[in-house]
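Read through the structures below before going on.
Same chain, two partners: subunit A is paired with subunit B first, then with subunit C.
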Partner chain A sequence: MKIVVAYKWAPNPQDASVGVDGAVDWSRAKPGISEYDPVAIELARRLAEATGGEVIALTAGPKSVDASMARKAALSRGFDRAVIVADDALEGAGTTELAAVLAAAVRHIGDVDVVITGDSSVDVGAKMVPTVLAGQLGWPAVAEVTAVSGSDPAAGLLRVERAITGGTQVLEITGPAVLAASTDAAVPRVPGMRDILAAGKKPVETLEVPALDVPASGTTVTVTATARPDLKARKGQLIDTADPAAAAAELVAALRADGAI
Partner chain B sequence: MDFELSEEQLLIQEMVREFAAAEVAPIAAEIDRNHRFPEELIPKLAEVGLMGVPYPEEFGGAGADYLSFTIVVEELARVCASTSVIVAAHAGLAAWPIFEYGTPAQKEKYLRALATGEKLGAFALTEPGAGTDAASGKTTAVLDGDEYVLNGSKIFITNGGYADIYVVTAMTDPDRGTRGISAFIVEKDTPGFTVGEREHKMGIKASSTTPLYFSDCRIPKDALLGKEGRGFVIAMETFDGGRVGVGAQAVGIAQGALDASIAYAKERVQFGKPISTFEAIQWMIADMATEIDAARLLVYRAAWMKDNGLKYGQEASMAKLFAAETATRVAGKAIQIHGGYGFTESYPVERAYRDAKITEIYEGTSEVQRMTIAGNALRKHKATK
Partner chain C sequence: MSINIWIVVAGDPAVGNLIDTARSLGGQVCAAVVGSRVVADTVAAGGVDKVVWFGEPGKAPVEAFATAAADVIEATPGVVLGASRASDRVLLGAVAARLQAPVLTAPSSVSAEGDTLVVTRSIFSGIAEETVTVSGPVAVVLDGGPIPVANPAGGSALMEEVSAVTLGMTVVETHSSDFEQVDLGAAPRVVGIGRGLKAPGDLAMIEALAKASRSEVACSRPLAEGLDWLHKDRYIGVSGQHIAPEVYFAIGISGQLQHMVGVRGATTIVAINSDPNALVFTEADYCLVGDLYSIVPALTDALR
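Right after this comes the complex of A and B.
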């Protein structure tokens, strides 16, 4: 089974700062594997261990995604090899464009059985790439995946569990699919010493966008403005009554007085 | 000069932080409070290769350098000094002399088991009447046919009772002083070898520190490590590396105390402002950060010299001395920043304060480090006159 994990080399928002005008300063944000992507890697490794498959890392972005440290950080997480689309033309690329490039890279890899992604990227958080990627490939997309196993790998059958409101749904999928792991689907393994020291020796194929067959798109999406939500004035009213029943009555009366209930 | 860690070392640092946050931090306060040796951590440490960091892959190690091992010890100590001591004594003190002086058969049998973390190691030199003064040791090893017979006792042995493999020094020729000391590998459960009660310590409470007793303990002749009479040299060379490890522990303890202090100073509001805005607190933080950085550079330099095959005994002593005293000073200031809360078990800095003290004592007290450093400095001056 050929398993691809599409991960993002993204700046960590914990190191970003927000100015008084709401502008985000990313200059001090250290890049790393996007927060939820290790969960996708863990699902992929478990599937590979169960089916004897290969786990391939795939990412696309500006040249920095192919930096030596970026490669090793990804490959130390248990991948067998990596395919990296590194092209400065992808600097600031939108979801649709990025998904189209990833889809072309998946076709380039060939014979892929499943693509697994994280729930969303840590910097943008649009949750769009898995769906658009699946659309580009003409494959089904399943979100909130909590587990995946090969019910019959020889027949290309995947058994997928996904979280739904109030329970779990079990799907059997024939043929390739794109799965987005839920944020708590698995506890990712910490890379071992040997994984880290071997990371620099694993095969990496680096491509630029022109080397891929990316269909042209006439549509572009540009973020023209961002704004913070308006701060709502709060009453800050404290009900300081020892008797719970009296406090509840006071609360209800206050809510009624304000027309909230 | 290159002060940058390599990409692999940075990834190792990141990995140990991730491991420590997930596996060690949640139990650090509890194992300290209950004096509980964290047996459950050993297989987890082994799984990610942290029990045999500086040993070749052919012996089951990770195949990393000593600086990487130093980073591992530092990062574990940042969260839990006891855990770092367990790893440092195992990989730095017990496995090292076997790697350096062991026969191929000894390496295959013992180093592999230690480096993979399948078995835990301990190093035993100190005796009731012989700490720094190793020549006063009373434990003897007498050759009898194909066996050595050990008699005597050891004290303050880290990992005692939990270790499977002990590197033990004993006098094979008491008349020759330090040249009469030899080193041996002793397996637990060897008849005549027993472990005493755990010490109740001020700090590193989750680590096990015990006496060892040898009473007509017979070990095979091929348990001798290196040659007869080389035990003191083996111990001193092992301690050179061990001092880098203790320095790393001290840096980690200090960094953990600083991290906690900065977080607290930003949160704690007095007179309407976070106390981090007060100059008195800022100056303490500045001194703590500067001293930790200096200590870390000394420790990393000593590790780098070891990796590059340079003589590093002097630098190891300087690193250990400065880092240990830095840890105690920094932990003291951390409590001061926390005020009354810092004096309680609710915050980790009181543990850091207790844990820091031992770094000034074991593997050569600060006084011994000063003797060594001064002796070398005085000799060097004479040589360059």
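Right after this comes the complex of A and C.
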């Protein structure tokens, strides 16, 4: 099988700072493989090990996604090769634009049986890129996927387990398909020194957006204002805990006075 | 607004918030409903102008209708609203792709100014907000809200049944899990635990506090994913539940942004943590710096 994992090289908003005007400063936030993507990679590797085949890393973003450290961080996780769309035109690209570029890259790779993604990206967290990607390709999509196997790989049949409210469901899907892994679908392997050294030798194809057939959007989106979120003012009242029983009594009294309990 | 307003429904009629939002924009509201006839009827009676229904799904999951939903909406594109649930996102994603429409998530307000949509939304896990104006087709992901209440005057929207070509997907097995279902969103008080808790055996102490304070128990991500001490349903955070209880007890929780965005709606936050520099104290009303293993039992006694 030809398995693609679409991953993101992104910083964590926890490490960004936000100005009073709502401007986000990412300069101190170091990018990395997005939080949930290793889960997708693990699902892909298990599928490849069970059915035979290759696992291809795919990402799209500004030039920084093709930095040597970014490449190694991805390729040390067990990919056979990588396709990287690195183009500064993708700085701050929206969900639909990013999904359209990824879809074009999947077409460029050709004969892909399945694309697996993480649950959501650590920075944007919309959970929409995989579903829009599937829409761009006209393929079935399933989110909250907990396991995947090739029930009849030769016929392109996938057996996909997903979490639903109150349980799980098994689907049989005629591929190709896009699957978004649940956040806890698998425990990712940690790359060892040998994986990191081997990463540098794996083939990488780098593309720019004009090399791909990406449809344009007719919609204009204009940002008219940014702001810091209006957080509730909190009391921040310190309760001395030297005597736990007294602290507990003070807290309970305060909560009762507030009408909170 | 004179442009088309669509809502997409993926087998779950809990779309009251979508209908309310669509109505507030002031145009004709059409619903593209995947699911059983019961779901379509519920939506039709819930305040939309028209329902396009794709017929009984049989063994096809709702996702199998993604292309069909895109086909229908493509004929009269506009503003398309969908719920943030997994299957709803799949339908909305297919529609957004077909329209090459941008997708906006986590809105706090959606309004119309003429034919322009104005959306204020939370971005980057809630660290900032932006307001955007949108001209042209757009997809908006929002909280589905409750099942809509049928119009007391009776009456129902026009229903058009269309035959759909489905994608090759079949449900072959459905298993219900045996864990106790919990509705954290409805709980007036929630006790949230984090990595400050040392062992799964300590959950008994937490459950005693929950019982004494009539709270539900929740947790930060590591306890539900990785450690598996609690079911994932009880995980609060950016990719988990978002709650707004009257009281939230944050116990042994460091207060990482990814967790706190899920509890910022709480009326009162009590934080118990041994680290005086824990981030959680910056967002708490009552701050107890100390050993949770001595404070929690004392608090349980005081509440009894």
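Worth pointing out:
The rule is simple: the second predicted complex is superposed on the first by the 210 of 261 C-alpha atoms of A that agree within 3 Å, B and C clash if a C-alpha of one lies under 4 Å from a C-alpha of the other, contacts with A are read in each partner's own complex, and residues count from 1 in each chain.
Everything below uses one rule, namely that contacts are C-beta pairs under 8 Å (C-beta built on N, C-alpha and C of every residue); 3 or more make two chains touch, one makes a residue touch a chain.
What you are looking at is a predicted structure, and each value in this text was computed from that prediction instead of being measured.
A simple residue count on subunit A separates subunit B from subunit C, and the partner touching more is C. Of the two partner chains placed around the shared chain by superposition, neither subunit B nor subunit C is touched by A:T59. After overlaying the two complexes on the shared chain, residue contacts for A:K72 are found with subunit B alone; subunit C is out of touch.
Applying the stated contact rule after C-alpha superposition, one finds that A:I196 touches subunit B and leaves subunit C untouched. Annotation: subunit A residues 187 touch subunit B in one complex and subunit C in the other. Only residues 68-69, 72-73, 76, 187, 190-194, 196-197, 199-200 of subunit A touch subunit B when the two sit together in their complex.
Those residues of subunit B that touch subunit A in the shared complex are 7-8, 10-12, 14-15, 18-19, 22, 47-50, 53, 57, 62-64, 68. Taken together, the subunit C residues at the contact with subunit A in this complex read 61, 63-64, 66-67, 70, 84, 86-87, 89-90, 92-98, 100-105, 118, 120, 122-139, 141, 167-177, 181, 189, 213, 221, 224-226, 232, 238-239, 246-247, 256-258, 264, 267-270, 281-291, 294-295, 297-299, 301-303. By the touch rule above, subunit A contacts subunit C in their complex via residues 13-14, 16, 18, 22-24, 36, 94-97, 99-100, 103, 119-120, 122-128, 130-136, 138-144, 159, 162-164, 166-174, 183-184, 187, 215-232, 234-239, 241, 244-245, 247-249, 251-252, 254-255, 258, 260-261.
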